[in-house]
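Pasting a structure here, questions to come.
Here the chain labels run A, B, C, D, E and F in written order, and each chain numbers its own residues starting at 1.
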Amino acid sequence: MQTHNAKRVEITIEAIMQKRLTDALTAAGVTGYTILPVFGGSGRSGPWSREGQIGRASGMVQVVCIRRPEDVDELLDAAFAVVERHIGVVCVTDCQVLRAERF
Amino acid sequence: MQTHNAKRVEITIEAIMQKRLTDALTAAGVTGYTILPVFGGSGRSGPWSREGQIGRASGMVQVVCIRRPEDVDELLDAAFAVVERHIGVVCVTDCQVLRAERF
Amino acid sequence: MQTHNAKRVEITIEAIMQKRLTDALTAAGVTGYTILPVFGGSGRSGPWSREGQIGRASGMVQVVCIRRPEDVDELLDAAFAVVERHIGVVCVTDCQVLRAERF
Amino acid sequence: MDILTLAANNLLSPIILSFALGVAAALARSDLSIPQAVAKGMSIYLLFAIGFKGGVSVADHGIDATLGLSLLAGIILSFLLPLIAFALLNVMSGLSRLDAAAVAAHYGSISIVTFVAGTSVLESAGIASEGYMVAVAAAMEAPAILSALWLISRGDSGRKMENDLWREIMLNGSIVLLVGSFIIGMVTGQEGLAEIESFIVSPFKGVLCLFLLDMGLVAGRGLREGGKVMRPGLLAFGVVMPVIGSVAGLGFGVLLGVSTGGVMLFMVLGASASYIAVPAAMRVAVPEADPSIYLTLSLGVTFPFNLTLGLPLYLSVAQWATGG
Amino acid sequence: MDILTLAANNLLSPIILSFALGVAAALARSDLSIPQAVAKGMSIYLLFAIGFKGGVSVADHGIDATLGLSLLAGIILSFLLPLIAFALLNVMSGLSRLDAAAVAAHYGSISIVTFVAGTSVLESAGIASEGYMVAVAAAMEAPAILSALWLISRGDSGRKMENDLWREIMLNGSIVLLVGSFIIGMVTGQEGLAEIESFIVSPFKGVLCLFLLDMGLVAGRGLREGGKVMRPGLLAFGVVMPVIGSVAGLGFGVLLGVSTGGVMLFMVLGASASYIAVPAAMRVAVPEADPSIYLTLSLGVTFPFNLTLGLPLYLSVAQWATGG
Amino acid sequence: MDILTLAANNLLSPIILSFALGVAAALARSDLSIPQAVAKGMSIYLLFAIGFKGGVSVADHGIDATLGLSLLAGIILSFLLPLIAFALLNVMSGLSRLDAAAVAAHYGSISIVTFVAGTSVLESAGIASEGYMVAVAAAMEAPAILSALWLISRGDSGRKMENDLWREIMLNGSIVLLVGSFIIGMVTGQEGLAEIESFIVSPFKGVLCLFLLDMGLVAGRGLREGGKVMRPGLLAFGVVMPVIGSVAGLGFGVLLGVSTGGVMLFMVLGASASYIAVPAAMRVAVPEADPSIYLTLSLGVTFPFNLTLGLPLYLSVAQWATGG
């Protein structure tokens, strides 16, 4: 099966910042992303879990965005501008995709 | 720790197609997969979110399948046959696994 | 954008073992991890789905941990000690991260 | 009550206002939202309650020939309406064959929430109806899908019905729950009802309010995103088609000689468009059809029309036609 | 009421029929399902309500010596039954030592839903029972796990109880909620009950129906997947063991001189098998044991047996034994 | 009733005991937890019910000048309290400017659950209050955020309010739902209430119990994790500030001449600290501020203080001040 090189960018960010991030990604030309719920985690700001929470202040999501390698720097710049002052993690992996025309 | 080369295939697909996809994977000899819920996303068919939805027509899932490199093409063929006419994304990453006898 | 090499370790494990795993990771010096809910899956112990379940015996989670390459072996040893007798999958991927000082 | 009072009463009921609140919140981009699990939980509650109560009512009044004929009428209606809808769409909209067929399927099938809202209007007006109308509703869910697939296959002989799909449609959760609880209600009768009445009867309308709040949120979000596909012709179809469907329902109801309430519910079933069972089937069988068209039309146009203006209209006409 | 009428009444109650609907839907591979969050929410509601009502009943009748003795009896029963079950499994099934011990643990512990269904049968029959039986149920959750671990460690001296596990078992959510709400009910008494009665009493049976629908779905799915491990010997064990457990419960109940309802509930506790607390403990402590064996047996065989035939049987025997 | 009886009654109500159970379970590291979707569902129910009932009460008594003045008073209170809180924090704690401003914002805003618990204490005592106090609560949610942002921008001129943030705050789900259901209640009045009474009135207190169980679990977890940031000065602030806030509320209430119940609710609004709307706004606007400080303080210290000791205290003072 014919596959094409791409980059998979996974951004773990506070749920409250989700819309700001995806707006910034869209502004940077991103055409698609997938949002995964996060159940809990731990980091420098301590452990947390979404169980029983009703507030939107706690809780994170993972935004996964697959893009052509040549366009990833633009994506990272846009993402960084949003996450800069916030907690969260950005992680980039090499990958292959089917149907490259979609990215 | 002894690790072994493998491929991690991540298929983002409509929830309604989940069973068809995993049946096809199983038919292609896949022995294991993990299904992650997806909270929302955006693509050529526009943005969507699973909040408040009761229908099965909207909503996607991510099927993650780890397999030996030599068997991945068979997996991709099977997956492609299912996703071909549908929206969704297939992404393959190189990885290492512990306990290779499981794959 | 300046990125740094790291490893992304993804451990799919029974929910009931989650705390034991993250305790072991923390003991091995891990400073952060993210826990994703898992909707269902299939493996040698058969298919399962979390729908309608109230027990904690069934159900899995995915613990994702990003770490500097040189510290990953310690992480894997710790993880392996926990998952050894249990069902579950450990998968390691090369990645790049922003803000390396966080890991 | 004349139709204007009826309409005003209906528009100012907590149920409709909750729906309006949801639409308004979504259009204003509020982050108000109801978790998916809670929304599904409420829909399970509503289906269980409505099915059970229908079954109890049949247990009370016994099964007669009209029940069988009504089921048959419902099935025929569900088969026929997509053909009318398809023809109408060809005239009124520039939709492709596939899109038109997918939309048509929705209008042959039914919306159980519209049905519930209809029974609730009947109750407020103190008008009885046949308990088995719930079973008619269940019977009308699926046939329309077959019609649509037939419409499609006429133009594309290569396409054939997937093996699993038919089973999936007939055994989809809402049909199974509706029919199952209908049977449970029929078996346990008034005695069973007495045991769980304070769960499935008393809080029913309140749950319906919150459920309609959620539907308003989803419909509002759909209008925001999918509004751009709503050209005037399509919009008009979303209002004209339910009226046509209700007339067809009226015909069958009067022909069968059911009660005033029964006629009104036949009209509601004819008028309402599916937004759960049919969209799911269309995604599997006709993935090329654009879901934002049929979802926006069914949930964003026809559902609110039926809920606000349709229901009092159908009740007035049913009263006039049956002299009730 | 003779036993046949009792059994028929029980089989045709909305509760049992809801369970049957769930099993049927799952076996037919319908996609009907209840979201995990909703299922958990219902179980929290049921535990809170049953604990609270038990506590209020104790507040009404005062604490007497029998309460302490009943708790003790429950704990002994929970310790003993796994030993009987283990011996029986060695005779009736070809299970490995580990699998047999894991299964045995389930039968010493209890199923709170079976208990709830039992109290509901008592209520329908107008028979009172001791409110503190809820506390006995809570006390019986854990001891069986110790017995099973002892059975295992006899054969495998290298294995020792993990430090955290014991705390985890004793403080598992269902025990804490049951005991906690029991205490709240005891402290606030009738006055507290009056405040929240229309939440925890009136809709109780209706919620139980939906909860049993969910359990039917899960049990049906389990039977579909795990049915292949169910050899005849194992299947027979799943029916014989509850009867033995109920006889043991009968003995303790009669010995303690509790009421007819109390004896019946002792039988139910003896007969029922855990499917929440014990499976979780077994996954941690004995991961090598195959969960599909004990889950299928407990939820797919013993639970439906108790629910349908067991409950009327235990009630009849309790009435006969106490002359009540 | 004297204040001690009131306090004792309050402490032994199912509501408070449920909260205590949650805290105890979390501190003991039990795995008891309520799914996020269920917790959100309950909060939606409570907001809808409390808003609706407030609206109906206004429909009953008509709108008068005091309504407008009360809204205004609430807004002023919400603007002012953060300034007092900020000054107090500078004296009592070693918090940084940013952390202090973020904490201050919480104390100008309100906690709707504390408000609900307050109305529930009033009900038990048979004391009426103005229905529009719900609207005052909604009006007080946001202004405090502006005050805090102003406090911050004084020291850091580079920082300016993000465009989207203000809209996000004003249209956050809880404000929209509260105001929306208030309007629905006002429009439909007693007639609307009669339709859904058995959903939003009868089970209300029971749902509140389970909701407070959840809040206890979350607060207990927060205390376990965030307890280390709670130095004595901060802890004292968490108890002193609500008392100051209640005095400010008392002043406004007496000045406006509202009823005894109204004065008490003004005190509750002044005393309570936000834990939903404000934390979310602070994460966006002041991400550098440590959330464990303001969340632990608001949910882990001030909320339990208000719930247990504050409410009876405020009621006694309100009765004394109004001679009611």
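Observations on the structure shown:
The definition used in the following text is that a residue touches a chain if its C-beta (ideal position, glycine included) is under 8 Å from a C-beta of that chain, and two chains touch if they have at least 3 such contacts.
Since we're looking at a predicted model, the values are computed, not measured.
Looking at chain A and chain E, the chains in contact with each of them are C, F. Chain centre most remote from that of chain B: F (centre = mean of CA atoms). Here the spacing of chain A and chain F, counted between their Cα centres, is 34 Å. As a whole-number value, the distance joining the C-alpha centres of chain B and chain F reads 45 Å. In chain C, the residues that touch at least two other chains are 36-37, 47, 56, 93-94. Contacts with at least two other chains are made by residues 31, 33-38, 40-41, 198, 202-203 of chain E. Contacts between chains, counted with the stated touch criterion, involve the pairs A-B, A-C, A-F, B-C, B-D, C-E, D-E, D-F, E-F. Across the interface of their complex, chain E is touched by residues 12-14, 17-18, 21, 24-25, 28-38, 41, 124, 198, 202-207, 209-210, 213 of chain F.
Those residues of chain F that touch chain A in the shared complex are 33-36, 39-40, 43, 164, 172, 214, 217-218, 221, 225-226, 275-276, 279-280, 282-284, 287-288, 290-292, 295. Those residues of chain C whose C-beta lies close enough to touch chain B in the complex are 10, 12, 36-44, 47, 60, 62, 73, 76-77, 80, 83, 89-94.
Across the interface of their complex, chain E is touched by residues 35-38, 40-41, 44-45, 48, 52, 167-168, 171-173, 176-177, 180-181, 183-184, 187-188, 192, 195-196, 198-200, 202-203 of chain D.
Chain contact summary for the complex, chain C toward chain E: residues 14, 16-17, 20, 45-58, 85-87.
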